[in-house]
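Encoded as structure tokens, the structure appears first; notes follow it.
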Amino acid sequence: MNTFGRIFRLTTWGESHGFGIGCVVDGCPSGLELTEGDIQNELDRRRPGQSSITTERREKDEVEILSGVFLGKTLGTPISMFIKNRDIDSEKYESIKNILRPGHADFTWREKFGHVDYRGGGRASGRETVARVAAGAIARKLLKRIGIEIIAYTKEIAGIRVEDEISFGDIDEIRRIIDSNTVRTINKKIAKDMERAILDAKSDGDSVGGIIEVIAFNVPPGLGEPIFARLDSELASAMMSIPSVKGVEIGDGFSLSRMKGSEANDEFFIENGRILTRTNRCGGILGGISNGMPVVVRIAIKPTSSIGKKQRTVDIEKMKETTIQIEGRHDPCIVPRAVPVVEAMMSLVLADHSLLSGFIPRRLS
Amino acid sequence: MNTFGRIFRLTTWGESHGFGIGCVVDGCPSGLELTEGDIQNELDRRRPGQSSITTERREKDEVEILSGVFLGKTLGTPISMFIKNRDIDSEKYESIKNILRPGHADFTWREKFGHVDYRGGGRASGRETVARVAAGAIARKLLKRIGIEIIAYTKEIAGIRVEDEISFGDIDEIRRIIDSNTVRTINKKIAKDMERAILDAKSDGDSVGGIIEVIAFNVPPGLGEPIFARLDSELASAMMSIPSVKGVEIGDGFSLSRMKGSEANDEFFIENGRILTRTNRCGGILGGISNGMPVVVRIAIKPTSSIGKKQRTVDIEKMKETTIQIEGRHDPCIVPRAVPVVEAMMSLVLADHSLLSGFIPRRLS
Amino acid sequence: MNTFGRIFRLTTWGESHGFGIGCVVDGCPSGLELTEGDIQNELDRRRPGQSSITTERREKDEVEILSGVFLGKTLGTPISMFIKNRDIDSEKYESIKNILRPGHADFTWREKFGHVDYRGGGRASGRETVARVAAGAIARKLLKRIGIEIIAYTKEIAGIRVEDEISFGDIDEIRRIIDSNTVRTINKKIAKDMERAILDAKSDGDSVGGIIEVIAFNVPPGLGEPIFARLDSELASAMMSIPSVKGVEIGDGFSLSRMKGSEANDEFFIENGRILTRTNRCGGILGGISNGMPVVVRIAIKPTSSIGKKQRTVDIEKMKETTIQIEGRHDPCIVPRAVPVVEAMMSLVLADHSLLSGFIPRRLS
Amino acid sequence: MNTFGRIFRLTTWGESHGFGIGCVVDGCPSGLELTEGDIQNELDRRRPGQSSITTERREKDEVEILSGVFLGKTLGTPISMFIKNRDIDSEKYESIKNILRPGHADFTWREKFGHVDYRGGGRASGRETVARVAAGAIARKLLKRIGIEIIAYTKEIAGIRVEDEISFGDIDEIRRIIDSNTVRTINKKIAKDMERAILDAKSDGDSVGGIIEVIAFNVPPGLGEPIFARLDSELASAMMSIPSVKGVEIGDGFSLSRMKGSEANDEFFIENGRILTRTNRCGGILGGISNGMPVVVRIAIKPTSSIGKKQRTVDIEKMKETTIQIEGRHDPCIVPRAVPVVEAMMSLVLADHSLLSGFIPRRLS
């Protein structure tokens, strides 16, 4: 259940305050050039402690590849990766280990497992996603071989929305913009507003959420397996598995439910011998299968559950009501750091289905 | 890929204009009392031809159980079910078999499979969902044993939204209301407005979409398997696999992304020795695991793709642009008939996870 | 659990004395020419009532394809097949429904499921294998496209062993011989001895077992996924899932355990630019992956459990010891009719792995 | 494909001459007491360099648990384990990296993956099984809770067979005997003969194989999922996945194929209110489900492929025939060290099915 995928399969492991976080990527084709540097680049984008709006936990998140690569190329065998936990400060969790933090998984994990690692959220911590980003970096390299490019960015924070459009031609420039502002959005001016909203919430001891949009360009038509391994089903599952995600929509998503059919349908036309659609309201997926247009997904992220404000809750050991004020090191808004995680999950799904459909062979050399 | 689930597993088969639609339910515990009547009740709710706002295709959708049941009880062996296609009228599809219908899966299935059954959408037709409703009826019976009740209704059609709340105590009354209006909503007055919006679209040769909300009551805390078989991931995958669904949200979903943490977090309290939350913004799921509050999911359904209006498109055989006006028998709004399908998918996920977590034993007698 | 395979997936259903036996084949590529005749040919080889050494149950075993095929070609969607049970005579089972038949699954199924279909063994009956043969016929057609040919025959019955060797060049002639003798072996003279041993056992109210050898020719090197989806693992699992099979060996199997390494190792050489081995003691599989030599598997089948002789046993309802003498229609030796089942299981494994490794594409046209 | 199991799932990774070997055990219930010592005990039994008949590679095989355990108990989250490779000597492999070693996976892995780690067999090395033994130790602890005890021993080496019988009462004594002789058999006198046969082969530059028998006591009736996840199928798959295994039989296996039904059937009787069988020819499994008698499996292991004798083979780079004499550190007979691996695989299968059938709960505390 800690495994994702059908051919390209990711298994993650590790707790927030344990030895570290790791993963095993199984099913990656042999012959792919791969170095730790390829992976480190992505990890650095997710890493905590990058700016005033992220947690102060200092993790270098250096990845070690322990298997599956030989002389700079993948072997087709499982790729084991490990990221050590270094800056662990578990002390603050001792005193609140029986106090259920609202919005967190404390209660449900306790109900399910009985025995839990209460330090920093244990395995339910967002820290687990570092393993997904590591795996996603491999998937992304694989996808590049068939021309697929994936880009995610902050669409909305605290209700502040960016409406700029992205086109494939500008992708490098867009990436530069995204990585040059603290909130990872595509409009520098709106970035300032978003950052301010985050800092305001932070100074209030509160938190905010937002929306991330992810687009995959150059996805060939034919990816996705009806009826239940549809591309949209797999993407919804992948995205919803990211902590704090509470909604997923494909293409125009919920807006489509308010359109007329004549407005919602994407009309077909021919360009350079290829069949395209004039609009892309369906987000590149029809009948669960990619149609060759960009695959567009948007996800809703709730505000960070850890807040400084006083909240009413329960001491589960004493079975008594009480209150809590959460200290510790937290992101007042998790959206910017979730951007590379969302890219990773999109990469994993597309790599898996590219293998499943035969667009990428099992052996590259 | 036509199989859904881990322990309680559904495999569906069949094309819209073939012999019929069927399914195999594997992993149902032995000893469950089950008759064709149990299943027929649910099928009758999904059946076409029920009112002026549904397709005129006349299907009685009578289910036959072909295996897995003996002397009125399940054997623990696969339950095979079959629903014959009776009212097939494929003629209209012959002339447009090479004309891509906008919004439909014609193009993508053709790209993926090459050889397709173009009659009535073939396997991509919504007719496939009759098998899910049949399987869902079994799952629902199973869930009843541990007190879980599931109810879905039309939340919104063409932007007309019902805001009434549902509580567990009123569930029988609510069910009666839902089944007594053509749009399957919970407010009779708003039902009329919704029906009018559908009929207006129909007379325009157009279509409308909407939103369905589904609630599962009495779900015990502890269902869902982190990290990737989280209850919310599985529900998102299940719902997104329903044709025409383009968005899924859990609890307050996209609205949560615009709240503050202090507003979004559900505070815990104690009632009769049980830990509950004062609000249920998280929709009954925290950290991927049910928390004992009602599980609430909303899904966005796009307007029916088949419309009478003229649309621009492509003849894929001649590779020339052309136009199409779709005749034939279609629902101008698929939302009301999707309500039982949504209930079925929720039932399947919860039954599967109840087995996985041991809340329901593999053998009932 | 009633599903076999990873890409090319078979789900079977049905009880011996229920409506019939069926299956769903999912993951078959689109564009494969397929008729009911292709499947019927194989079913006819497994059919009961073919000679004096098989059961008297008269089943024509006519297959109906209910989905997944359109205009004579597969659609890439699930292929549902149904074989009706016609000659059902359940009466004899009523009186012994609580008496455990030694060697049968009566006791274990009852322990596992509580409620069982005691008529003719229910789902534990060998009759379930008719669905495997139907599915295997499709797999076999698929494999033919890449030149793979599979042949199984009776190697031994009641200790009488045939030592003739099979080579690919003679395959058509060998098939003719196999299908022209009642025991399905490759030496007509020994066939007589085997038949006599079966008839002797039959007249004694007893039964005999034997060994089947199955060989797949023209398997390309590279099939099989280490470490756990090795080709030999998958074959062992497939073969052991056939009722009455109690042993599986690859290549020289158990004999290899008594050889020296210098004798057991197959030396490599080059012929026409291909790397071959001088001997084939490893049965075409090294390190879990096919090496291009014929894949050779042998399976041990126990004597039919149903015998006329008096046996001591238990009445599970009364929990008292008793005796039983089994009447009814049974094969005194199941080996000849298991031959096509063994071919089917080999076909299923190889088709699945050919798809997994990309030797067969997901779309044929 | 490097993952085994359904609920209790093992994923292994690592190459013989890489950083180390590791695994992730997913699906272990929470609340199981577990220390590195529990695992180390089993690893020490598999460790190389234990006697004159094993390889001289010196590995301490110290296991580190990196996740999934907190305060001495399992969390229900993935248990990651790591065993460092220390005594690596890859030099000898450089010169023969293009020479196919007969009996080894060199050729097939090269065909499948193109790019391979030729050092010490890479991932095809028997060294990978250290991860299985680590995981098996956890499974074994779990099984102990419901009274299941597993014991494997060398039944035969180089044709020298031990015929002593094992009964549950003597299990501790038998274990002591097994671990006190170099060949891990249950008869000290025959142990000497076996050891001599191994040393003779070694001094000849040759190798020998053998047979291992594994018995699970106190398995409750009802384990195993028909039709395809039968207990015997799963065991066959598990055993055949061990390198060098070429045959598997359940109970009397191949011998059964030569018996009469009246001899092969195990008659039922009642003892202390339990239904037992007088004999156990079926090896504790009927119809794919355990019957409460000891589960007995025997596996055939081929002689070690690495031998000092000159063998004819091919240089795959030059595509020329050549010869090879393998130096390096090898076991002249792998059977004794495979004994704990066989126990591990049996433990994994039984733990998985105990969870699947509900005999072990998902949460222990």
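Order of writing sets the labels: A, B, C and D. Residues in every chain begin at 1.
As a working rule, contacts are C-beta pairs under 8 Å (C-beta built on N, C-alpha and C of every residue); 3 or more make two chains touch, one makes a residue touch a chain.
Being a predicted model, the structure only gives us computed values, none of them experimental.
Q: With residue numbers as the basis of comparison, which of the pairs B-C, C-D or A-C duplicates the interface of B-D in over half of its contact pairs?
A: Most of the contact pairs in B-D are shared with A-C.
Q: What is the chain whose Cα centroid lies farthest from the Cα centroid of subunit D?
A: B
Q: So, what's the distance in Å between the C-alpha centres of subunit B and subunit A?
A: 27
Q: Would you kindly tell me how far, in whole Å, the mean C-alpha position of subunit D lies from that of subunit A?
A: 39
Q: Multi-chain contacts in subunit C: which residues touch at least two other chains?
A: Counting only residues that touch two or more other chains, subunit C contributes 1-3, 12, 77, 112, 123, 226, 357.
Q: Please give the residue numbers of subunit B that touch subunit C in the complex, ascending.
A: 1-3, 9, 11-15, 18-20, 22, 24, 26-27, 30-31, 64, 66-68, 70-71, 73-80, 82, 112-117, 122-123, 363-365
Q: What residues on subunit A touch subunit C, complex-wise?
A: These residues of subunit A touch subunit C: 7, 77, 226, 356-358, 361-362.
Q: Provide the residue numbers of subunit B that touch subunit A in the complex, in ascending order.
A: These residues of subunit B touch subunit A: 1-4, 12, 100, 102-105, 107-109, 111-112, 123-124, 128, 156, 158-159, 201, 204, 206-211, 221-222, 224-230, 232-241, 243, 245-254, 256-270, 273, 275, 277-278, 282-283, 285-292, 300-307, 309, 311-314, 316, 319-321, 357.
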